[in-house]
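One chain, subunit A, links the two complexes that follow: it is found with subunit B in the first and with subunit C in the second.
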Partner chain A sequence: MERPPLGLPAPPAGQGPHPAGSPGAPPSASPAGRRRILTAYLFLLPALALLATFTFYPVIFGTALSLFEYNIISPPRFVGLGNFRRLAADRYFWIALGNSVRYLAVVPVLQGCAILLALWVHRSARGIGWLRAAYYLPVVTSIVVVGILWRWLYDDAGLINFVLLRLGLARGPIHWLASPGIALYAVMFVTLWKGLGYYMVIYLVGLEAIPPGYAEAAAIDGAGALQRLWRVTLPLLRPSILLAATLSAISALRVFEEVYVMTGGGPVYATYTMFYYMFDQAFGALHMGYAAALGVVLAVVTIGLSMLSFRLLREGGLSYY
Partner chain B sequence: MLVLLLSSGAWASPPRARIEFWTISLQPFFTGYVQGLIAAYERAHPDVQIRWIDVPPQTIEQKLLAAIAGGVGPEVVNLNTEGTLRMAEARALVDMDGAVPPAARGRYFPNIWSSTRSGGAAYGIPWYVVPNVLAYNRALFRRAGLDPARPPASEEAFVQAATAIKARTGVYGFMPNIDGIRFLRVFQEEGLSILAPDRRRAVFNSAAHVRVLARYVALFKQDLFPADTLQRGYLGATERYAAGQLAMLTTGPQFLLRVRADSPDVYRETAVAPYPLGPGRVLDLPTMELDVPLASRHRREAVDFALYVTDDANQLAFCHLVVVFPSTRAAAADPYFTRAGQSPEDRARAIAAGELGTARDLTVVVPHSDELYRAFREAVEQAFYGRMTPQQALDWAVKEWNARL
Partner chain C sequence: MRSGSARLRQVAAAAQYAGLGLLAVGTTFPFVWLLATSLRSTGTVVSFPPVLIPHPPTLANYAGIWATMPLARFFANTVYITGVGIVLTVVVSALAGYPLARMRFPGRDAIFYAIVGSLMLPQHVGLILNFVTLMRLHMVDTYAAVYLPSAASVFGIFLLRQAYLTIPAEIEDAARIDGAGEFRLWGQIMLPLVAPALATLAIIEFSGYWNSFLWPLIVLKSPEKFPLAVGLLYLSGLFAYNTRYIAAGAVLMTLPTIVVFLALQRYFLRGITIGAVK
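Take a look at the complex of A and B:
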């Protein structure tokens, strides 16, 4: 039987002007079918309107803006691909792009930690609900508050240096946010800390969806805990890994708030990311068109990376077996 | 009922001009003052209605741009000199040399009026100014064996005191104002020029400039000021001073209020002295301006209101509420500024008033300021983090500037 549009169930036999099963009578041709489709679109309408206003329109407008020179005050001037040509020779663009790409290193670490955490809290034990909530707490905490908190922790006289000095692990305070070689990684750690709970929840849902029979069968066949994790759990968790890794990579490329609050892009542009540069160009230098061009480049990188994730991780889940 | 309606003003004719007035962070401490100003102006000008909006400093430029883009920009907006020049470069502001009559212009200190001069026009009406003073922790001075009654009077003595304090107490002596592009001000305080007289060429890579930068780089390497000085700026310095972790603070006197609120103990040990001047004998004078966007629908009324807010009487009344200083000559001549009381604020007021004569806003006015400032900031940071020598860093920045000037 032909699949109805939008996956809706086929109309009951005998309904509509065409007799059921008659050739050339698509379900949507009947008034009832049309009504159902209309109903479906009506349900979609609020979400579509929101998406159109806050996503599609800005995307189209932003892409078009990248072809103009515009400072908000004067009328826009068409420059074609001029903004993109300028990018190639702009050293701050390359610095920002390099830092954003480097920031992607947080993705595998974050996902690895989140999977381990999910495996740990994915069990019934007394107080486990509190533990899950505790790990989720940073997710719902304002990033500005988190940034200020970690700035204090990273301070020369902050808790981290205090502990390291007390334990004799450092000879002097480590300038976590003031050393060009360390600052980016220090900020990345905050992203990891804040995101851990969020991805843990994604993996918890993924683990819940895995029927226990697979692991039990593997155990009966003599597989150890590590083998079960590597050969059963992780392959079955792949759809969750794909989702979480893609979301996490997109977030990493778009990092801004942590940098804004903690380092301001410094020292020596060591934490200057693409989003920060876009912000600087748009609201500091009033180069809206150039900022839009940066946004387009970032979008292309993000889409390319997402496609790569899908290619690498799409096999998995229950289709693995 | 009719009498009631008539007396309530509900049937009064609508105002001819609605002026939206944006300020920076004056609520809640100065709400009464600004509302009083507005009420008095509206009484004197019944056909003008003022709507006051207070905006945080970090977001005012973004909000202003968004408002102008949306066609709902303010008629009068408070910006600092850097913000004013940035907006002027985007051709967003009214030329005040043309809009303000010469007699009214003459009421302001000429050096302060010129703060926002760019391309032959001045783009802001000066409001209040806040020259830096030196606040210092007497307890830390005593611990370091220094006499709290004799604070450093020159930049040289200031650095020596900071060195002694760090060596003897382990607490940092100072956090120099060198974050972002503030080293441009340091050069000027040292009596060194940034641009050639024709303003078409950067000249800040001379041997004297290199010596100044190299000196601060050496102090940084000796750990004589905190590693985050280049990122945190005066806010970080004020936090550290209020925590008792910094002996000397060179900042606007208004920050003493924050120290008083956050750390009464440190505030009790705080004394105030004149800003230790460098060899240039010039003091930076950060200035707040009132600007009128070109998009203003009531330009004449907007300029008139801005002149009213910044007139002698209103500036003087504002200065009675907080340690800021007027930009008009008659207001600054008031005996109020020379009466020294006992509190650190009173001392700061008397000291800063005396500094007004030698002070000027040291903001460097250049075209393509965002690109030039970015290159300068990077060069200075490269030198501090040892990735370039001071000579290489300044040579590179000068080359970048000259390619765009």
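Take a look at the complex of A and C:
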């Protein structure tokens, strides 16, 4: 019996049609078997054709494109590692890479808040469903609406400055999106605000999966609430933390939409990210090969980071005990 | 002593609820403020002090943005792209999930792993060549260019495969004894049984297509084809001074997703659950 993929329940026993012909014969041995194979592939055809055209082909050849110079109009010209050499000397590349890596700072904050929130709303009380829905609302809202909304909130005469000035916490309006030192963090806060509900749900699912017995046993042994959280719940939650942290780190490295809507990469490149540079090079300047090289660097950073987080967080879950 | 600690616990619980309530205000308040702004007859969104209850409230901004700006057009574009996108994604997933769950054929597991494994691919590298492909097909600046690249959803195929797996073999055997062919079996027996999964997928894809921004921004060139996400940003650039109009447009864009979400929360959360387990 083959191992069910991805830890999923095994298919029900006796599932699947039995090939016509003698039992145990490979399904292709008879004409009926061949027809069955054809039918299966017919079902799969639309999905496979679309995935091949719009996922596998562009990723594989897009990676190869990083070794070419290509502007769509004239045929691609092989330049070897030329694009990467140019990248190394390109100061906008280093600015963009620095900002994308700095954007990772949002991950621990976002995950910490989401875990805390999930622990708080992991209960059945009146109104808790409404609270969860309220936290999830920004997740289903368009990034464009969110971006425009926060652009207004961050405005010199916007609500945030109004409150800060009223409370005497600031002497003059803070230029949230216009000062190079703050803009990136102001955009990060929007990522936090929009993503909180999503990760909360991932952690809620993780918490549901933890049998209550562990925490109860620890309580009987005299562990306090903080100790139970630190020694029991969080280690058991580690698979969810791994999943959420990896997802959130990947999207932080690739951040683009928030930046595009709110700051356009400015002021003076303070929020210019790798994805933004790739976007500009590919669809603005039509430097497709150079853009592909940027994409490959971003992919390498992403893959390296995912491997690191797997290293750090792979232990845990129920295997912890 | 005992009652003291009980009191303490009550206070802690109250503080927790206060914190949760405050956070809920933090996530919902900007929407209330947006709505209030869209209903105001004078002033801009950035004004001291902020106005939360406009008096008198007016729908003039809605009428205004609908009449003087191509918002109706953007809305229709969004509805069209979202509608076709959902139908395509659901059909493609419903087809592909079936043999992966219930048929035995050479290459099945390899195909399944390739499909799921494609989630690990650096999709952003693919954006560049997808644009080139669509250009070669003379499809840049068409609606199809927006929805075709996302029509095969790995999540959708996975979701439907899981749904087909849960159907008891007896139902299938009975249908086979009655002489149903593979396509009839799928269409008349299996498809109705996975209807809840189809609904989950449709609802999740709804907010995905409705809100999709980056790809339409890349492949659409003429404003009359823009969906709301791209169009609203375009308008907010053109009419930066008229924030009340833009607020009305933002409300019109957001309202459908909020209504669908609040009405069908269960499905959204189920969708994430499956995503998280995956």
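The definition used in the following text is that the second predicted complex is superposed on the first by the 268 of 321 C-alpha atoms of A that agree within 3 Å, B and C clash if a C-alpha of one lies under 4 Å from a C-alpha of the other, contacts with A are read in each partner's own complex, and residues count from 1 in each chain.
The rule we apply is simple: a residue touches a chain if its C-beta (ideal position, glycine included) is under 8 Å from a C-beta of that chain, and two chains touch if they have at least 3 such contacts.
As the structure is a computational prediction, the values presented were derived from the model and not from experiment.
**Q** Could you say whether A:V101 touches subunit B, subunit C, both of them, or neither, answering first, second, both or neither?
**A** A:V101 sits against neither subunit B nor subunit C.
**Q** For A:L164, decide between first (touching subunit B), second (touching subunit C), both and neither.
**A** Neither: A:L164 stays clear of subunit B and subunit C.
**Q** With both complexes superposed on chain A, which partner does A:G206 reach: first (subunit B), second (subunit C), both or neither?
**A** In the superposition, A:G206 contacts subunit C only.
**Q** Which holds for A:I72: it touches subunit B only (first), subunit C only (second), both, or neither?
**A** A:I72 contacts both subunit B and subunit C.
**Q** When the two structures are overlaid on chain A, which partner does A:Y41 contact: first (subunit B), second (subunit C), both, or neither?
**A** second
**Q** Compare subunit B and subunit C by how many residues of subunit A each one touches, and report the one with more.
**A** C
**Q** After lining up the shared chain so the two structures overlap, which partner does A:A32 touch, if you call subunit B first and subunit C second: first, second, both or neither?
**A** Once the two structures are laid over each other on A, A:A32 reaches no partner at all.
**Q** So, does A:A223 touch the first partner subunit B, the second partner subunit C, both, or neither?
**A** neither
**Q** Now for A:G266: first (subunit B), second (subunit C), both, or neither, which partner does it touch?
**A** first
**Q** Taking the superposition as given, does A:H175 touch the first partner, subunit B, the second, subunit C, both, or neither?
**A** The first partner, subunit B, only.
**Q** What part of subunit A is shared between its subunit B contacts and its subunit C contacts?
**A** 72, 155-157, 283
**Q** Taking the complex as given, what residues does subunit C use to touch subunit A?
**A** Touching subunit A: residues 16, 19-21, 23-24, 26-28, 30-31, 33-34, 45-50, 91-93, 95-96, 98-106, 108-109, 111-116, 118, 121-133, 135, 148-152, 154, 157, 162, 165-166, 168-169, 172, 176, 182-183, 186, 207, 210-211, 213-214, 217-218, 228-230, 232-233, 236, 243, 246, 250, 253-254, 257-258, 260-262, 265, 268-269, 272-273, 276-278 of subunit C.
**Q** Give every residue of subunit B touching subunit A within the complex, in rising order.
**A** Per the stated touch rule, the residues are 61-62, 65, 68-69, 86, 90-92, 226-228, 230-231, 245, 294-295, 370-371, 374, 378, 381-382, 385, 387.
**Q** Subunit C touches which residues of subunit A in the complex?
**A** Going by the criterion above, the answer is residues 2, 5-6, 8-9, 11-17, 19, 26-28, 36-37, 39-41, 43-44, 46-48, 50-51, 53-59, 61-63, 65, 72, 117, 120-121, 129-131, 133-138, 140-145, 147-150, 152-153, 155-159, 162, 193, 196-198, 201-202, 205-206, 240, 243, 254, 256-257, 260-261, 275, 278-279, 282-283, 288, 291-292, 295-296, 298-299, 302-303.
**Q** Considering the complex alone, what residue numbers of subunit A touch subunit B?
**A** It comes out as residues 71-74, 92, 155-157, 175, 177-180, 263-264, 266-269, 280, 283-287.
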